[in-house]
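Chain IDs A, B and C follow the sequence of writing; residue 1 opens each chain.
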């Protein structure tokens, strides 16, 4: 019995080695002084970190990505928060179908979503790249915003809302003074999770680049097509740090149990 | 009054999704059947008669299936081990599985180029211990693609299964033991059947994810195309939008059929009925 | 003077009527309970009065003012929820002050009224606590204070004690009654616990399937239920079905299967749902004719099951009119199969519909 658990423990250890090992290796490789990536590194140097800032496309695409993710997030929140509230608060006919529609952007292959949007929205209406990116990213963020906020609303006792109504507050006032403060952390977590989804997105953004404009992950892909130096490894380390910080905040806000629910 | 209120809350999001997702998809599907002014299924005939296209489809399906099977095999025991740990350890292990999921797929797939490359870590290790004389060609093959996809999706199935296993009442295992089952039998007769729905849902996520992944095949697959890179190539590089639309429709149909079959299976196999 | 009136109210959900042609009137300053099993429409009635539900038909008025279409936040009613529904993000003080601040009461008055109300519910000193730092009973008192501080025109309780443990429930209902009487505020109280309703109410409405079966003083309902449903609900477990009823002076004569029973009370006429006699297990007598000393309302039977209840024995007696449950205190119990006479005391047999 104990033997079996030890065997399972060892198994789990190797699984985690497989999951996290490559990320550790890439971190070590980022300090390689030579111009080709190696593990273990042949020395210690920060020059590839410096190089990130010298490639101007990284800088502009980073700004593009941040702006698109932030603006898309705001838009997705404006569309998604009322929808999440309505879907959690009320019982009505056709609710399951509406739920499915709002969640569907995660089920439809991203590459298909990107292509159909390119074909029938962007080209048809001759949209500039920035608006195209904004629309595409809002679509993929919407299900995350709705799901996370809905899971936060699931823990909210709607009798509290009725209490506020019975004490004289109107619906809108009640939403802002009673509901919102109690799902605040869920909303922030939703925004952060959606931000990561948007920032890391490749499948949709890949259809929406223009002359001199692309998102950060697309720029990374373009870079590795032509270069094999450790710049990407250095970027990876920074991105992982960034991800870790956001994940820590999400954990503080609402725990990680959201991720285990399907 | 209540109805108009609901509409007010739901309509903006619905209109947005309709305009930028539902309608474009419907138009794309429609365009594959209505081409150059008439109804046709030519695009599909063209696709399914071409051995090169079929090979791409077949490779994609094969890679996705193997990836899903391996993820299930590796994920199940891992998830079981995690679900048996103390809350603190469990939280730590879960966090370590969620972290890669939130990390950019570019970063994660790229990390394998350092390991699998001709002068990469794996070849160096194998050469130095004398297991091989010539460096292995793994990078830019379907195998590399598969390794990258397993790395990408294994955490997903692990955390999904932990979520399901956590909800299995531990008294059930004790009850089975009290009825004479040893620990392994209790695991087989209680834990496994109750985890099947989670395994299936996790399986769907992995299979659909692998089937439609773009970044990993693009970075690790080399010249070997899969259906998503093929779609991209037709749309952007070759500008063959008709074929791209056909491929997009095929991808969606496969995805939906799989989701539906798996959902039906999950409902059927769900011991809770 | 009737203060609260519901006239021909109808409420439907998914094309099914929960309430239909519903009428109720409550007098000023009194506490009325709606009592009934779950699904009887009591909560629907309360939520309709509160304004959380819209009536499909009918009219609801209070003090002569029509409230049927007034939105909930313009009604000025106090509502106490089963789950307390305190604002989790606000302190006890801010919870209670919530309604006053909405009414733009000036700061000094808010402070004075909140403190006075917390004093009334014995929660002085708890102002800065948050709901999650309070016990269930304390939370319920905050909820009551919050509902009362706005000086509501009507106070509504939805099963307020069902989440509390038994001892606390008894204390809290005394408390609720005290505060209600002190402030003389008209109150509608919903519960499925008959003891709770009887102990605090001026009037009790026993509801079943969207209909008020009986509206009376608690003691009247307890002694003289009007319908079989009410009788069953308050512990009349024994019933005899009768064919006809005749008045003979004060005495009601009832016929069934060639037997005549006499009763003194009951308004059952058997016009709609049939005529029945109801009696509590404690009120039935067992014995021989000599022991019982009467020559009417007797029914021969056989002991089928006997159970020891601690204070008394409980018997199930099989007779030609069905089975009856009897509680009897005695040293030497009857044994199964023993023949006995069952006596239905004339003043305890109640005629119901």
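Quick note on the criterion: a contact is a pair of C-beta atoms (placed from the backbone, for glycine too) under 8 Å apart; a residue touches a chain by one contact, two chains touch by 3 or more.
Just so it is clear, the model here is predicted, and its values are computed rather than measured.
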item: Partner chains that subunit A and subunit C have in common; value: none
item: Closest chain to global C-alpha mean, per-chain Cα centroids; value: A
item: Farthest chain relative to subunit C (centres taken as mean CA coordinates); value: B
item: Whole-Å gap between the CA centroids of subunit B and subunit C; value: 58
item: Averaged-CA centre spacing for the pair subunit B and subunit A, given as whole angstrom; value: 17
item: Overlap residues in subunit A, where contacts from two or more other chains coincide; value: 171
item: Touch list for subunit A against partner subunit B, complex; value: 1, 4-5, 8-9, 11-12, 15-16, 18-20, 22-23, 25-26, 29, 36-39, 78-80, 82-83, 85-87, 90, 92, 98, 101-102, 104-105, 107-113, 115-121, 135-136, 138-139, 142, 146, 171, 193, 196, 199-200, 202-203, 206-207, 217, 220-221, 224, 232-233, 235-236, 239-240, 243-244, 246-247, 251, 256-257, 259-262
item: Residues of subunit A touching subunit C in the complex; value: 157, 159-160, 162-171, 173-174, 178, 181-182
item: Parts of subunit C lying in touch with subunit A, wherever the complex brings them together; value: 50-52, 71-79, 81-83, 85-89, 98-99, 102-103, 143, 146-147, 150
item: Subunit B residues within the subunit A interface of the complex; value: 2, 5-6, 8-10, 12-14, 16-17, 19-25, 27-28, 74, 77-78, 80-82, 84, 91, 93-108, 110-115, 119-121, 151, 154-155, 158-160, 162-163, 166, 183-184, 198, 201-202, 205, 208, 211-212, 214-215, 218-219, 228, 231-232, 235-236, 241, 244-245, 248, 251-252, 255, 259
